[in-house]
Every structure is written in C-alpha cells, then in structure tokens.
Amino acid sequence: MIDMILSNPGFIIILAGVVCALLPVSQIRKAILLIAPIFAGYMIYTATKDMEAARFAVSVGGQELTLMRMDRLAMIWGYVFCLAGVLNAIYGFHEKCKITDSSALIYMGAAVSGVFAGDFLTLFIFWEMAAISSVMLVWKGGEKSFPAGIRYLAIHVLSGVLLLAGAVMYGRANGGDFTFGYVGLENPGGCLLLIAMGIKCGFPFLHNWIQDAYPKASITGTVILSAFTTKLALYALARAFPGTDLLIYIGAIMTCFPVFFAVIENDLRRVLSYSLNNQLGFMVCGIGLGSELAMNGVAAHLAADVIFKGLLFMSMGAVMFRTGTAKASELGGLFRSMPYTTIFCLIGAGSIAAFPLLSAFVTKSMIITAALYEHEWIVLAMLLFASAGVMEHSGIKVPYFTFFSHDSGKRVKEAPVNMLVAMGLASILCIFFAWPWGGYQFLYSLLPNPEVHYSPYTGNHVVTQMQLLFAAMFAFALLKRIGVYPDEKRAEILDFDWTYRRLGKNIAIWIDAMWTRLSANVGRLRKRFIDSASDKIYHMFSPAGALSSAAPSGLPAVLTGSMLVLTLFVIYLSRL
Amino acid sequence: MAKHENAPANDEDIHPLSRKLLFLGDHKFIDNFIWLPIIGLVITVMAGFIYPFPEGYAAPWDFFASWAILGFIAYSFVVLSAGPLFKLLARDESYYGEGGDDD
Amino acid sequence: MDILSAYPAWLITHGAALLVVLPLLLGAITAILPRERLAWIVTLIVTLICTAAAFGLLLTIFGGETQLYKMGGWDPPHGISYVIDGLNTPVLLLISAMAVLCTIYGLPSVAAEVEPKKRAPFYGAFLIGVAGLLGMVATGDAFNVFVFLEVSSISTYVLVAMGASRDRRALTAAYRYLILGSIGATFFVIGVGFLYMETGTLNMADMARILSDLGGGSRAALIGFGFIIIGLGLKLAMFPLHMWLPGAYAYAPSFVTVFLASTATKAALYLMLRFTFTVFDPSFEYVGTVLTYVIISMAVLGMLLASLQAIFQTDARRTLAFSSIAQVGYMLLGVGIGTAASLSAGYLHLINHAIIKGALFFAVGAFWYRYGITRVEDFRGLSKMMPWTMGAFTIGGLSLIGVPFTAGFVSKYNLASAAASNGWWWAVGVIMATSVLAIIYIGRILLIAYFQDPPEVDGKVVAKKEAPLMMLIPMWGLAILSVVIGLNAYWMDRAADGAAQVLLLGVGG
Amino acid sequence: MTPHVILRVVSKFLIPLIALFAFYVQFHGDYGPGGGFQAGVILAASVILYALIFGLDEAKKAIPPSWVRIGMTLGVLVYGGTGVITWLLGAEYLNYSVLAEKSYNGQHYGILLVELGVLLAVASVMLAIFYAFGSREPDLSDEDW
C-alpha cells in the first residue's frame, strides 16, 4: 500500500488533502498546503532520473491499471502543476477554510495523478475526482455560485462519462489495451474521447462552464481552478491526439471567438476566463499541428500560461478582496492605492500579450512559428488576429479599467502580504521564463523534445512582434482619443450557455406545462370513460372511491395478468 | 489647468509608492501617451528593413510593415465590433434570475 | 482448507437441512418466549449458527464438491432433496449473514418501532422468514420451493404489518403485499403444476433431464414457464410488477426493510436463475425468446423508469425502494444477456446490491431512530448531527452510483463489459444513463445532508446525537465490506463465476 | 337458554363423538385415507361447534387461547423434533428408519409422531384463526388512523 502511495506524486497530495480535511488547525493546514506540492515536485525530479523504474502498475479486478508512467511530456505538466500549487498555497494563506484547503489539495493531487496515469481507466478516476473536488471551490463562492456549481458538476460528470465510454470502446477495439497513448480519430471511441476532453478543455460551444463557474468561485478558488482542470484536459489531448488536423482548426477558432466576448464583458474575472479559453486555443492548435516544435510550444506555453494567467487572476482576486467587486464599470484608478498589484498585473498583462522579455514571447511564438512552417496560412492569420485580440482584452482592458481609466474614488488598502508575495513570485517567473541569458534556455530544457532547436530572440521576431503590439497600442490610443473606445456597461452577456440556461430551461418549463395540461385532459377523458363505462366497476376497483390517489391492489393485479399474457404471447410467437 | 483633476479629496489615502506614480493619472500624460506607440511603430517599421524574414519563412502577405498593419486592423476590428455585439448579446443583469451584484 | 477442518463434521454434512430446520423450529419457540431480550439472544445465536454453516458450505463449494442432502433418506426424484452447489451457497451465506446483522441492528431498532407485546413474536416471525428464504434457496424440489416461498412470504407480511405501531400505513402496505405476493406464489405454483403435468416429477434435476429429453416439452411446459417467470418476477419486483415494493419498504420497521431489501428479492431472483437456466434451458427457443425480449426489455424499462421515479420521491426510503427496482433491472439485464460474463456480473450485482442497500437502509433507519425523519428535505445538516451514520450512508450511496473502488463499480463495470463484449453498446449506454440518474437521486440527498445547516428548534441548533453502537456496527460492517469488495473482488468474482458455471453447465443434483 | 335448548343438547352429545372421530381419522391415516391435517381440522371443528353453541367465552374457558398458542408451537416442535431425533441418531433429517431397531417399525413410529405434530399444529391454528376472528374488536374509527 505504501509503495502504491509513493509511486505517484499526486497520491501524496491527495493524501495530504484527506489529512487536511481532518485537521482543525489552520496554520498546519497551510504548511501542508505549501509542503505537499514541493515534496511532489521533488518526487517528480527523482522519478525523472530513471523514467522506466518509476513506472508502477496494479491489477484491479483483472484489469491492469498503470498508476504511474513518467516521460518528458508528463514531467513538465507535473512540474507546472506543483509550481502552481505552491503559488496558490501562498496566495490563499490568509483564508481559514478547511473545505477550500482540503479540496484544493485533492483537486491538485487528482490533476497531478491524472497526468501520470498510464491508462484511460486510471485517468478517468482522477478526471472525475478532479471534477468533484473542484466543485467545492466553486461552491465556496457564495449563494450565487451554487447553481453554477451544479451546472459545472453536471458538465464535468458528463465529460467523465464520455471519457469512460470512449475509453471502453477504444480499449475493446484495441483488444483490451487501455494504454493512455496516441488514439486518433480512426475508431469511434476516439471521437468520444475527443469530445470528453474537448468539454474539459473548453472547445467552442463546449466552453461555457469556464465562464460560468470560474468568475463565481471564491477569490482563491478561481485562482486554483484556473490552473488545473483545463490544463489536465490539454495534457490528455496532447497525449491522445497530437497531429490531429481537426484540432488545428478547432484551436484557431478557439483563439478568436473569445476575443469578441471578452471585449464586451464587464466582469473582469469573466474576461480573464475568456482569455483563458483563448490561450487554450493556441495550445490546442499547437497540438493539432503536432510537429516536434509545436509540441514543445504547447508545453512551454502551458508553463507560461499557468503562471501568467494565475498572476492575472491573482491580481483581480486581490482587487476583489479589497474592493468587493471585479466589475470593470465599478473599478478604475486603483493604481493610487494598490501600486504593487498594479505592477504585477501589468507584468502579467505584458506576459500574456507576449512583450519581449516576458514569458509568452518565448512560448507562443513557437506555436505560431510551427504554423508558419506547416504553411497553414489561414490558421496563422487567425492566430495573429487573436494575438492582437489578447493585447486588447488581457493586455489593455484588464489593467486599464482596473487601475487607470477614470478614478472610481475607491481608496483601499494594498493587497495582503501573502497575496503580494505570490504575485511577486509569479511575476519573477514570468520574467525568468523569458530571460534571454539562461532563463528561457532552462524552460526549453524541460520540454518534451529537447533536441529541437528554437531561438526566440531573433531580430525579425522581436521586430515583428513589437510592430504588432505597438500597432495595437496605437489603435487603442487613437480610438480612445477620438472617443469610439467603448465604455464598460453592466450587463449579462449571452453566450452559448444561453441554450441550456434559458432555452433549455424554457423548453423544460414548456414541456412541464404541456404535460400538466395533457395529463389533466387525459385524466378527464379517463374519468369520463370510466364513469360512462360503469360506476360499478369503478367502485369495485376502488373501494375508497379514488382510483388515482391511492392506486388499489387491482391495478397491479391487472398488470400482472397482462404481463403473463404478454409473456405467453412471446412464447407463442417463438414457436411459430 | 488643475494639476490633478482626478486627485482624491483626501491625499493620505494614497499609497506612498503611488505618490511617485501619480503622473499616470495626469491629463498631460494621457494626452501625450499616443506618441509612445507612434515612435515605437516608426522605429520597429524601420528595423523591419534591417531584420527581414529569411527567404521561405515569411507569410505570403509579408511586405513592408505588414505586422503593424495587421495588428492595427485586427485591434480596431475587435474594438469596433464591441458596439454591435453588445447590442446583440447584452441583457439585463438579472436575466438568469441570479442578480448581478457581487455579495 | 484450514478453516473447514475446524468445523464439526455434522455442521457440514447436515448443514443443508440445519440451515432450514433450526430457524424454523426455534422461530416457533421464540414466538412464545416471555422476554424480548431472550428472544433476541435466541435469534442471534440461531442466525450465527446458520451463518457458520453457510460459510462452511461455501468453503466446501470452493473446495470443489457439491452436496446432495436427501430429506428422510429418500432418494431423489421420489424424496425431497436439498442441493448445495455454487449457485445457491453464496445466496445462503448472504441471507444468513444479513440476518445476523439485522438482528444486531434490531436490538435498539425493534425496541423503538414495535410494540412491547409483539417483540418476541416479531423475532419468531423473523426467524421463520429466514427459514423460508433459506429453504427456498437450498431445496432442489420445485414444490418445496413453493412451500418455503409461502412460509417466507407469510412471515414477511406479518413483519411488514408490525410497522403499524410506527405508521398505520404499514397495514395497507402489508395488505397489498399480501395480495400481490399471493398472486405471485399462485402463479408460481400453477407453473409448477404445469411442469408436473409435463414431466411427472417435482425434483428439479429430474425435471431438467426430462425437459431436455423432450427438447423443451409441449405446450404445458411453455405455459408453465410463462407462469413461473411472472410469478417469480412479481416476487423479485421486476419492473411493472413492482408495485408492492415501495410501500412495503417504506412503512415496514427499518429492520424488516433492510432484511427484505437485501434478501427477499435476491432469493426470488436466485429462483428465476435456477428455473430459467437449470430447470429450463436458454437453448429452448421459447426460453431464449423470453429472456431476450421480455426480461431484457423489462430490465431496461425498470432501470430507466424506476430511477426516474426515485428522483422524484420525497421520502428517502421510497427513493431507495425505487432504486432497488432499478438495480433489479441491472441483475435482470445480466440474466437476459445470458453469457457467462453477464451472468457472473448479474450474480455479483445481486450480492453487492444486497450489501449496499443494506448499509443504506440501516443508515436511513438510524436517522429515523434518532430524529424521526424519513423525508429527504429533513436530512439537512445530518452530516453534522450524525457524522458516522451519514458517513456510512455516503459510502453506500457512492457504491450505489458505482464510483470506482466500491462494490457497485465492480459489478456495474463487469456488467457493462459483458454487454459490450456481446456487442450490446446500447446496454452500456443504458447502464451509464442510469448511473447518472443514480448520481442525481443519491446526490440530492447527500447535498442536503452536507451543504445545509442543521435545523433549529426554539432558536437552538439541534444537538448532535450519533446512532447507538449496535446500529453502527452492522452499518459500517456493510459499508467497509462494499469498499473492500471494490478494492479486491477476488472472492466475489470467484463465487460469481462459480455460480455462472453452474447456470451454464447445469452442474448439480 | 331456552331458544337453543335442542341445539345445545344435541351438540353436547355430538361434540365428543366428533372429537373421537378426529382421532379415528388420525390413526387411520397410518394405513388409509386420513391423517394429521384432516384430523386436526375435525378436532378444531368440534371446539368451534362448542363455541358457536355456547359462546366464545365459554369456549375460551374450555380451551384457553394460551393453550392454542402453545399447541401451535408444540405441534411444530413434535414434527421438527422427530427430525432432530433422527439427526441425533445419526441419520438424515426425518429419516425415521433409525427410530427403532427394525427400520419398518421405525418408519411406523416416525409417521405417527409426525402426524401427531401435524394434528396439534393444525387444530391449534384453526382455533387460533377462529378465536382471532371471533373476538375481533370493532372497526378502527377514522380518527385512529
């Protein structure tokens, strides 16, 4: 048992989460929250020394489950998750909530375990575990988050069920081999798997749970949520569908459409959720391209994205922690009271917009370059369009409306120290990952295909990227000056979730109303029929005089008789 | 012209570090901010002649200042699309019956 | 077998008869005992001996030998013989072990739910019911099955009616159960009569031999088969014939509900397996047709509709009762597919479901015992008021849903893979869909219990009051067992595979 | 007393005969039609007739309900006990052959014992049912539900 727990770094974190659920002392819980991911990271480090020896499998009910499988693809995901865990632990240090602590650990542990899972059944277990534990974080967001949590859970359970169904179909077609490796779309199980992963990864039309649930979670909850679920799904895609052409186009669309929603959305945490979706699009596109460079780009951009997206969510969380809102229309001018948060947010915004010397510059460009090498011109154009869009919603809109813009008059305290430390660390990482003298080289040395050479700091790359960014900034300044840059207005923006939150609900209400009407009519008809047929029979079957209210023994007896007739009829037919 | 039009009534509320940054809220700064990207654009477009894409690694539309133009068009398109999109998609905050206020 | 050598020899050689005779005779004595505590002790001892005997018999089965016990020394086909083989021994152990757990649970529960004067007769009726169930499972004689079916049924009607001191509706429920149960038993005996007409024997093995010589028999055998299927279908609550079940489960004393839910329908299902697969043979075309068209369609309908009905119940016990009907659907699906893997999975689900539902009903009974609540909406804050009981309920609920590492997962997974390997992907889909429905009806209860605060009475939060130890022991015993099976189902699989072997090869007396 | 005087006199004469006939049927069952079931019913019928003529209370004085309960149990025990005895003698359950030295006699004793148990049980159950229905209390009023 003990060697099973020690086999996979994620199990340690899950175990720590279970321990946390029982620990009443907040300080010890926080220490565990911090130490568990560090220890897991150390375990990943030791496991990478001999990747074959780290493999661990058990047999459950005749089915071999590979609980631990280490390779370079899994390694970087594991490291990134542990890093995110450490940052989240520091960020959430001020919060005394047992449920958040333990579910955060279990959730993180499930994500790490899922990354190191060697077969689809094991993956399914942690897939579901991640969903169930993370919904607690959503529910911690207050009254309003409860229905969102239910929707979140329903969608994720659906994803899990599809994953299991797809895995079983795939395994059957594969002769009972459930190995979590390349699947492709050749067999129908693969399609189900793709949909299951697509739901969790926020494919277009399947993405709404992100924007629905994340902004409604608690402050720390949103930060934690943003790091793991979609990234686990991305890992699964990178593992099972690298080089699937369909993903290129899905990814390209995914980069573009959230841009339009982000620009009109008022809730800045929801803007960041759209931005998250958009960044995932880059990575999905990279997986679709599937070349060694593209896969490297995916892994590198994942590492950068977890950090800078976490940083942005953290800064918005800090603002919300102090002001109580994250709505652009209510905020503004906060650089006067939260200068450190402003600086960190700007670093995050610069990173996501891919300024040189900030992390996305060295990572996103790998994916774009890979698209260029593959001569996918339309896709390339879409990615560049999306890059300009990123500059708008994350690079300019989020910091501008929060910290600059017109002064909202809100004078609050600077964020708590622990939040500042977490944001500071994340900012340092954002810079370090793009540091031309040893920084990005370190990041590249962790990528799945270390032999591929790519150097981000070439003249033409820096120049073209700066052209793009300066042009965007110029456009911003120009539009602002001539007064066509839209102000933020409070509103609920419709997205695809309208289909199930409004349309589906209304259809259900309509069906319910129709059903009530129908059953009333049927009831009336039945009553009239029975009345006209014979009062005697009516009274015979129902001594109390109410056939509908307390169904008498007569009805089951009649049913029994009819079942017998049916069975005998079937038997008779079988003899024909 | 008032030096700090947006300055708060109570100066003590301002974070010590921000006192040095108050120029960011200044009208002069905001009005002249546009020169920063303009200068940047000029420099980088010029630099584009010095660092062209290697042969065969350029997009088919690659020409003089193409990335800058693409960036400008894309950005403006996104921002300008916000108006009609907002008209199309925005609803009252209590549309889903959950209310829009943060607790 | 080491354990087996510790057994007295007579417990094994006479085990088959002992299992039935001991509770039957002592049940009669218990009924007139003056003190309820004495009656409880006798019941406990008797059920313990039965469990020991059943366990010993199971060990001999694993040792590879089947047993034929001739009542009165008369050789079969003339005398009544009891057959101990891989198919019925696990069910025997299940029934007797559940009887022990129920008895332990009954010490506080019966004292709370049954009138003082009726408690000793209550235990007597319970023992006779146990004897009836064990008898109908152990016997190899078709008419004897009917006799014990009636013995167990009549005592269960009495037991259900004893819930009247808690809820008067128990009387109508018992009455309905009586009417429908009698219809079921009558159908069964009519079927046996047709079979006797066809074969001239009542011994099951003999019947099977003659029927296969006749190639399935004439019209009398066909009609007999129809009657037997419907009669047993009523007893095991096959979908449209389930109407007696929710009332009986909801209003009987908690003790009886657990026992009924985890044994009575299971014994009837065992009989259906026995008759369709060993007395008749699926290779007879009419048997095969009924399995494929009637049993499977009813199984699937039951799984879906009963799960839906479970979602809309306000009473927790009715929710669980409808869930039982749905779970019977799973077992029948396993029966209907009819391959070795599916039979094994269905049989495993039979045992697992008994364990799971036992734990769940134990917990629900404890909630009533402490706070007098049965409605789902009253469950709020129970996780804080009764953490241990709610813990057992949660494990049971997760197992019912089929979360990995629980018993429910093992059998559902086996069933799904059996269906898939038969190419029945739609059946896999139905299993998935009903699992989602199970998430809804169990999740609804869990959400209320965990995420709502305990109610306040007179401005004070209701005090924490854990269930008594005698209730917690059996409850947690079953909850832990369901996790253990989820972790390592080797013995369960072995027993279930053994049963499937018997069904397909027709081993036995 | 007066309206039923003929009935009472005749039945007083008949009841012992009925009881006697019950035992005739009981022992005849060993080698001809008859046996414990029929005998039990006839025996119970004699008591029921008594109850019909002289009233339930009188009958309950003659055969108290506690006897009836004990009789039910005792009947089952005599039947089952016979089987237990054969067990103790080392044979299968209800294998009477071991009850005597010659298996023929053993079968004979065994069936007599078992039939006696059946007689007791059946007669008691019949009476119990009769007593239960006869002494039924008035219907529950609606408020009691």
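Going by the order they are written in, the chains are A, B, C and D; count residues from 1 in each one.
We adopt the following convention: a residue touches a chain if its C-beta (ideal position, glycine included) is under 8 Å from a C-beta of that chain, and two chains touch if they have at least 3 such contacts.
These numbers come from a predicted model, not from an experiment.
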item: Most distant chain from chain A by Cα centroid; value: D
item: Winner on C-beta contact pairs when A-B is weighed against C-D; value: A-B
item: Cα-centroid distance, chain A relative to chain B, in whole angstrom; value: 28
item: Computed distance of Cα centres, chain D from chain C, in Å; value: 35
item: Centre-of-Cα separation between chain D and chain A, whole angstrom; value: 77
item: Distance between the centres, which are taken as Cα means, of chain D and chain B, whole angstrom; value: 103
item: Set of chain D residues in contact with two or more other chains; value: none
item: Shared interface positions of chain A, touching two or more other chains; value: none
item: Contact graph of the chains (line, ring, star, complete, other); value: line
item: Which pairs of chains touch, using the document's own definition; value: A-B, A-C, C-D
item: Residues of chain C touching chain A in the complex; value: 172, 175-176, 179-180, 183-184, 187, 222-223, 225-227, 229-230, 233-234, 240-241, 243-244, 285-286, 288-290, 293-294, 403-404, 410, 413-414, 416-417, 420-421, 425, 428-429, 432, 435-436, 439, 451, 487-489, 493
item: Chain C-facing residues of chain A, complex; value: 60-62, 124-125, 128, 139, 157-158, 161, 164-165, 168-169, 172, 550-551, 553, 555-557, 559-560, 563-564, 566-568, 570-575
item: Residues on chain B engaged by chain A in the complex (per definition of touch); value: 6, 8, 10, 13-15, 17-18, 21-22, 24-25, 33-34, 36-38, 40-41, 44-45, 47-48, 50-54, 57, 59-61, 65, 67-72, 74-76, 78-83, 85-86, 89-96, 98-100, 102-103
item: Partner chain C, residues of chain D touching it in the complex; value: 69-70, 72-73, 76-77, 80-81, 83-84, 87, 91-97, 144-145
item: Interface residues, chain A side, partner chain B - complex; value: 142-144, 147, 259-260, 263-264, 320, 324-327, 333, 335-340, 372-373, 377, 380-381, 384-385, 388-389, 391-392, 404, 406-407, 409, 411, 414, 458-460, 462-479, 481, 484-486, 489-495, 501-502
